[in-house]
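See structure below.
Each chain carries a letter (A, B, C and D) given by its place in the written order, and its residues are counted from 1.
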Amino acid sequence: MANSFKIRTDLALEARESVEETQKEIRGVEIDENYDEKNEVKVTRVVIHTKNAARNLGKPMGTYITLEAPAMLEADEDYHREISETLARQLGMIIPNHDKEQSVLVVGLGNREVTADALGPNVVDNLFVTRHVILEYGKAAYNRTKMNLVSSIVPGVMAATGMETAEIVKGVVEQTKPDVVIVIDALAARSTKRMNRTVQITNTGIHPGSGVGNHRSALTKESLGVPVIAIGVPTVVDAATIVNDALEKASYSCEEPKVLTELNNMYVTSKDIDATIKRLSFMISEAINITLDGEFEE
Amino acid sequence: MANSFKIRTDLALEARESVEETQKEIRGVEIDENYDEKNEVKVTRVVIHTKNAARNLGKPMGTYITLEAPAMLEADEDYHREISETLARQLGMIIPNHDKEQSVLVVGLGNREVTADALGPNVVDNLFVTRHVILEYGKAAYNRTKMNLVSSIVPGVMAATGMETAEIVKGVVEQTKPDVVIVIDALAARSTKRMNRTVQITNTGIHPGSGVGNHRSALTKESLGVPVIAIGVPTVVDAATIVNDALEKASYSCEEPKVLTELNNMYVTSKDIDATIKRLSFMISEAINITLDGEFEE
Amino acid sequence: MANSFKIRTDLALEARESVEETQKEIRGVEIDENYDEKNEVKVTRVVIHTKNAARNLGKPMGTYITLEAPAMLEADEDYHREISETLARQLGMIIPNHDKEQSVLVVGLGNREVTADALGPNVVDNLFVTRHVILEYGKAAYNRTKMNLVSSIVPGVMAATGMETAEIVKGVVEQTKPDVVIVIDALAARSTKRMNRTVQITNTGIHPGSGVGNHRSALTKESLGVPVIAIGVPTVVDAATIVNDALEKASYSCEEPKVLTELNNMYVTSKDIDATIKRLSFMISEAINITLDGEFEE
Amino acid sequence: MANSFKIRTDLALEARESVEETQKEIRGVEIDENYDEKNEVKVTRVVIHTKNAARNLGKPMGTYITLEAPAMLEADEDYHREISETLARQLGMIIPNHDKEQSVLVVGLGNREVTADALGPNVVDNLFVTRHVILEYGKAAYNRTKMNLVSSIVPGVMAATGMETAEIVKGVVEQTKPDVVIVIDALAARSTKRMNRTVQITNTGIHPGSGVGNHRSALTKESLGVPVIAIGVPTVVDAATIVNDALEKASYSCEEPKVLTELNNMYVTSKDIDATIKRLSFMISEAINITLDGEFEE
């Protein structure tokens, strides 16, 4: 039976859809959809209120905001600026105490050497980092009286560092004491139709087994001691998932097919993934720059 | 019927296998298999002798040598040296006039920015290039009396250059007049079981539609005017092919399934593709360096 | 005597200044200076009219436009857009037949692996390349009736390719027949005060011995058969030149000092050269994109 | 007077030489020189025993081992293996408790984007990292009963992270509790004759103001709580230093010359720095791999 095959998706939206097929409404899950016609962006807000609902969806309790915009795939610079601004608005709403000055650490997860997994490192490359300047010269260096302290790190992957990402980030958090952590990661989706054109923002952080590179350790409020906002874009689909979905669509009632073991550790990605990652990274770093530059009432 | 779905593979070995399922022997195709037990390398030599056989297999007439070695996937440096030497021997046999001094241009196809497509550029990075030194200072600069002139180029992909790869390579060949061209490219296989552990060497060059990046234009003796040896490693499998194969294995008699159009322009690759590409590139550049350093009788 | 030490500069402006010290006006050299107060850009136009003047200045006959803007060093995005537009205007004036549709090949000289020499490759990375799309789908693909065909190449350095840059570019020009070639290169200046804040545009192309990487072969109208516009930014100063200048300033009358041989093949560069190169590359690629997007009267 | 100009060098050997000019022997400083004729490597051991001597030399108390080998500049792979082994022997002697199993964190300082400063990150890229595998699967995964746990990090530069390198490394050390830290950094030398052909190993760690990128914060036993071994290669010379030295050699008695302020934040580097850095990085990572693979008596 299809249900016995664990659906691999980092998107709460997809997790919910796969349950929805059988039951229309899920207790403990709240959903709002908004469509911005001008910018052709669909914003869906999924809130998982109860532990029970969390178990059903296989996602932790919390808020998941999803922006879907088919035009994200296109190389239109002006359009991407619009998306960055929409993203910045959503980000501003989910970051705790966003109306007050604070210290923010941005963490770029993933492997710089693997195109589809390089979203996090690339976002960090374009960030406007201020912490060191403010600590040394004060906000006057930027002609401001109120300003967020922004720092960033690319921890690298476990195969290269020999350390869990969580060990590195926890160490840096304890030394530099940010008020909030923003984590960027490339995600896996269930379906190719969301690949590279969807951004998910959540206040639940990063959980074991998510992401393109299967980062094992959690980056959450529990593990780090400060709120963790995660921003992700699905850049790959698990190869086994795609095959399974195809078999199901063919309405063939199957046991877990043999081919799947061959597909362990493989994923499906698009051929123009390099240009796509560059565009998406810039879009997200702009959104973070806008959000963290926040105007404060004096 | 399965045959109506065009099988997408750059490996002559796989093209032959897919025909073999129905007919045991194919007229006009000669096959030799050798297994080197010590190094656990299987060397298969497929020669397509007739136009008819070429049409049946969807591959041009010529010689295709395939080295399969499961251990290629492992990070064992000494073992890779063995494979480089086996590869060098095969390469030496297929390069015309290899026993004489000549001028060789090595072309690294593919996109340096896309991990799975960066094999060609990475191989070229490790080559021992000699042409400019010999032309300026003579072979005496290397304390040799006979020596090949080696040059190399990474033409880049059409989306970046606005030019066909063939236009660039043809221009360079006409200016620098090499005796033979060696082209390196990342390939697509039909099955994940050959991915990253198979090297194909052929004297038929590169044909439209092959490779990860779908290079459209031919690099062949006909187009360039000199013999073209192509070296390729399958680093991806077409996503649509994998789904199709799974559906067939499930013995579901299908028309071309709907899911396939969604999978256009997508491919399946492995998660550790970055480390794999580095190892494979080094293995191939070493093989070329050994081959082209060839000892000549004085 | 100081004059016997050959002054190493790729800037016509500096070549002229070093002569000017002794003689106020040089026969055969025309100079116009303009200062744009709003954008704080000084535009100097040096035209070398006669062979004699060319010999005196050690620069070929032709037009050299220099933009100097101290703020180029700063990370102000809006300001860089202004400079790009000023640059585009100057570029439009020096490109022959700029008011007509034509085919333009942009060549990024230099070594991508050496920060100070990576200007050319980086500029090419940000170009809007159109040739392949127009040849395949027509200008309609861009909703235009008139449009330039833009192509680009990064030939690589001789140590990596074994070929002269000129051989590669000549081959590509003969195959693809552009109407004009634009070459980008990192330059050497005589003084650190012009480093990274000066752009030189010239219609004389590239001459042996110029550039950070000492590209030996000429890229000129004579060698390529089409007009060659060169755009350069001094990103280094020759180490020997700096020492020599210091010795002269100390009014010490010296023979060529011993230290100079130690400094062969060394150059002076700034510590934040990576961020600087990124900014300058983007500024120049934007200028070229604006220029080549040129509105044509229908 | 020349002495008033602070000599900028990260090499204890050079610091000592500059004092030696006036006084032959320095109290509290012990020097041993050894020349390995076969490999043409000169090994100098400078031990600074007293605070007074430390003040005189401007270097902290401790041991400084310098390997000088002109052939390091050459692209001879076999020779580099010899140097790696010599280096590994010296490293084994200076790492505390090297005969016992321990946990080692290797830190690659510097800026991956600036060629001359990328030594540290490049060394880390080639390391054999084992900690995560041993913690998960035990030493049995490597068929060993005793084995060092190796981890590594590239913290990035302050301009990119907004954090002091020391904050990041301290956090990681506190989380992962290594027994010893090895830090790799590109250094500044006083003279170009030591550039790229000298390796310094010291047990004094990294001190403010050293390195190509002027890392401000200390990485020492005092700051991190565990022994810190630093490995460095001079890849640049401060531009102001070179000019000053030239002026002195010209026996011109000068006040601090004007030119020096222009040269602030500038350095001299060699033109083939990219190939040089690749070779040196590989040589050092091999030396660390050999050292940390250490055979332990059972």
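Just so it is clear, a contact is a pair of C-beta atoms (placed from the backbone, for glycine too) under 8 Å apart; a residue touches a chain by one contact, two chains touch by 3 or more.
Computed from a predicted structure; not experimentally measured.
Path length between chain B and chain D in the touching-chain graph (shortest route): 2.
Judged by shared residue numbers over all numbers used at their interface, chain C and chain D contact each other through mostly the same positions, with over half in common.
Chain centres here are Cα averages; for chain B and chain C they lie 39 Å apart. Chain B has its Cα centroid 37 Å from the Cα centroid of chain A. Residue positions 159 of chain A are each in touch with at least two other chains. Viewed as a contact network, the protein chains form a single closed ring in which every chain touches exactly two others. Checking each pair of chains for touch leaves A-B, A-D, B-C, C-D. Listed in rising order, the residues of chain C touching chain B in the complex are 124-125, 129-133, 149-156, 158-164, 167-168, 170-176. Against chain B, the residues of chain A that register as touching in their complex are 111, 113-116, 159, 191-193, 212-214, 239, 242-243, 245-247, 249-250, 252, 254, 257-259, 262-263, 265-275.
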